[in-house]
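Chain lettering (A, B and C) follows the sequence in which the chains are written, and residue indices restart at 1 in each chain.
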């Protein structure tokens, strides 16, 4: 006999699950399905034409390119930050550790205007870079800077706990077998944290492609050059092109769902790797 | 309260946790459910408690069907393996919980609750810990509080899931005797689950040996230890030596040793295995009269009142060690040293026709 | 009487074998801190610098402006509705998922996380598709003179959508780690469902719950993209604090914009402080169980 639910003496399952499903359906699932149903009004050639105009394609290139570069930056520096926070002691470490989550807590609009003011030609950092010929604000580089900011905590927070759990014995064993520090890192530590690093990278990437608030201030928003896909959706909405906006949204949603699937697989891999260790 | 279990079965997916279990538990007895992990003993206990439901079969309390009775109405006290003390409450509040959550009309007065909890804490000798929190207590103390909490609601049955499982050896032994004494004072029908044969044999009135969802044997500790019903019970309870031989028309042969086996009168030249406890083997330096098995001493452990010998059978392909226990006195008489030749003879054995494993 | 206490280091001290040379250590620390300074600390500092650059008078004028006050009120209203609703949802979802075994549990957990992987802009868009003039319920709403999009209800709905997972995903692992034995013990002692929940479960998860509420509230008050799509940007009426920051910025009132932004930055800092404090408590609640085993 196969049953939906195993027996339990605890009460409230039907009420709790029923409410959960009802709430999720009303707030998340039904509205999300609206995007797909709306797009289904288009036939395939119409849909394809809408989501592949040169301006849309340019926005994909920018969004995915900048997101990828930002996530990669965060993978490198996030790993470094996690390493420093777990392994070393320095003054103010607790404060630094707490501030890592700032991009999660700081409203994106605030981050957006702050980064813009900072990297604009007359800003604290822009003033230094502009004479060197590096323009960041109002260029695609600005998009990359904003996306690096908002993705910063992901890699740090996924790698940190795994790094903490690595036992000193493991490294001592490697050292006593003759490995130097670099060899120990490359052959023992890095393989152990690699799944977590990939998970953090994927999370940062997924967050970046949907990001809007922190980007629009610094991007300059020039069509074909510095216009991200979420902004294009809003532009189309403001022109009452609901179908066009929805079609692009569906492309983004499908990509997000695929990323979500990949992230789940990565987390499963990461957990399995750690359970075996 | 007496408990009767009829034709109880329970599946978890494709795993049969309980297969057609029948069991009578007498009022006031202390019963042990003994078996290896996965034998179904904990599932049986949880079904009796009402924490699990069986797929088929009945549970009767005092001859009344309780199968579909919710746990709150069964009046059982349950002691969890990891105690499940409420970590946000003091010890006092833990014990008082069952009294405080009663419906207002049959709730005791505050003063009465206080009295009963204090008495229970005195009973388990931990009244001085009333204001502490569970995480401040040792494992053995938590165990006793879990018991006091279960007793507070005056249950008709007390169920304990691996009550000493998470404790270290010394505390286990102390609590074991303590539980036995407590039961003798209170006479409440109690069932406890254990995988430790020593614990089951030492504490309980009767032992139920379980394996793969079935009951292998029910009996007093003496019965199951001295007269195991089958090879499983033999091997699960204490050390045992295996000798391979044959049985034919009420006689058995192990090597040259011939033994009466009246219970196998009908056997026609069958392969058989003889099970012999280490203390049921006679050791001699010479073969006196009847036939005996030649063996060689390979190890002697002479610490304590009982001397343990490890022997190998001579002229036998089977190099399994034979374990023998003899008294210190006998050991002195024999003056054995490692490497000596001896002759052994089973004093008492049980024969089971050979089963292909 | 003297007592001798022996303390053992919680982690084995690292020796030269498993430690990098000093120059490597400080080099890595320097690179990490430089990166964090440029990308995190300086932007945060700049918010407060820009807000106060024109003086305290300008600052207070900006945050006591009637439109700013209206934005603060709307932000508080939206989160005062969204957070409690997601709180009830989070508890219900965590109760079902952590305390029971049923089929499809993993799919349900993934569905709860879904809003995290949806772009805020799309979150706003889908509500326009349902409630907007051209949407499914648009004509019916117009007929009954009800306004959701470009009005407060739309802002509340978009806020709820983006904050759905916060409390649930905090509670699920906590309640899973705590298991069901305490609740089973309570039921076996005669407690009803509500008594079990209020006296056993809730005290055990209170810090995790608070943690979830804090994070949920920070996101609810700070949400920009989703709210921007459904708001209509009507000053003094459908403007939340983040939207007000944008309007002021686009009107080149930088000092005022940063002044309002500094309120949100302050909220973020307070959130981080409370969060750091709660983290230890939550770890403790999770860890006690391991201690008992």
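The working rule: contacts are C-beta pairs under 8 Å (C-beta built on N, C-alpha and C of every residue); 3 or more make two chains touch, one makes a residue touch a chain.
This is a predicted model, so every value here is computed, not measured.
K.L.:
Taking each chain's centre as the mean of its C-alpha atoms, which one ends up farthest from the centre of subunit B?
P.N.:
When every chain centre is compared against subunit B, the largest gap points to A.
K.L.:
Where the centre of all protein Cα atoms falls, which chain's Cα centre is nearest to that point?
P.N.:
Centroid comparison flags C as closest.
K.L.:
Find the geometric centre of each of subunit A and subunit C from their Cα atoms only, then give the gap between the two centres in Å, rounded to an integer.
P.N.:
Roughly 16 Å, centre to centre.
K.L.:
Once you find the CA centre of subunit A and the CA centre of subunit B, what distance in Å lies between them?
P.N.:
Using C-alpha averages as centres, the distance is 56 Å.
K.L.:
Report, in whole Å, the distance between the mean C-alpha point of subunit B and the mean C-alpha point of subunit C.
P.N.:
Here subunit B and subunit C have centroids separated by 53 Å.
K.L.:
Give the residues of subunit C touching no fewer than two other chains, as numbers and ranges.
P.N.:
184, 187-188, 192
K.L.:
On subunit A, where are the residues touching two or more other chains?
P.N.:
Residues 9 of subunit A each touch two or more of the other chains.
K.L.:
By the touch rule stated above, which residues of subunit B touch at least two different other chains?
P.N.:
Residues 50-51, 71 of subunit B touch two or more partner chains.
K.L.:
Which residues of subunit A touch subunit C in their complex?
P.N.:
4-6, 8-13, 15-17, 19-21, 23-24, 27-32, 34-35, 38, 77, 80-81, 83-85, 87-88, 90, 94, 96, 98-111, 113-115, 117-118, 124-125, 145, 148-149, 152, 168-169, 171-172, 175-176, 181, 184, 206, 209-213, 217, 230-231, 233-234, 237, 240, 242, 245-246, 249, 252-253, 256-257, 259-260, 263-264
K.L.:
Hey, which residues of subunit B end up touching subunit A in the complex?
P.N.:
It comes out as residues 11, 50-53, 55, 70-71.
K.L.:
Within the complex, which stretch of subunit B touches subunit C?
P.N.:
The contact residues of subunit B facing subunit C are 49-51, 71-72, 76-78, 80, 82-88, 97-98, 101-102, 134-135, 142, 149-150, 152-153, 166.
K.L.:
Which of the residues in subunit C come into contact with subunit A in the complex?
P.N.:
So the residues of subunit C touching subunit A come out as 11-12, 14-15, 17-18, 20, 24-25, 28-29, 31-33, 35-36, 38-44, 46-47, 50, 85, 88-89, 92-93, 95-96, 99-103, 108, 110-115, 117-122, 125-130, 132, 134-136, 157, 160-161, 164, 180, 183-184, 187-188, 192-193, 196-197, 215, 218, 221-225, 228-229, 241-243, 245-246, 249, 254, 257-258, 261, 264-265, 267-269, 271-273, 275-276.
K.L.:
For a test of understanding, state which residues of subunit A touch subunit B in their complex under the given definition.
P.N.:
My answer: residues 1, 7, 9.
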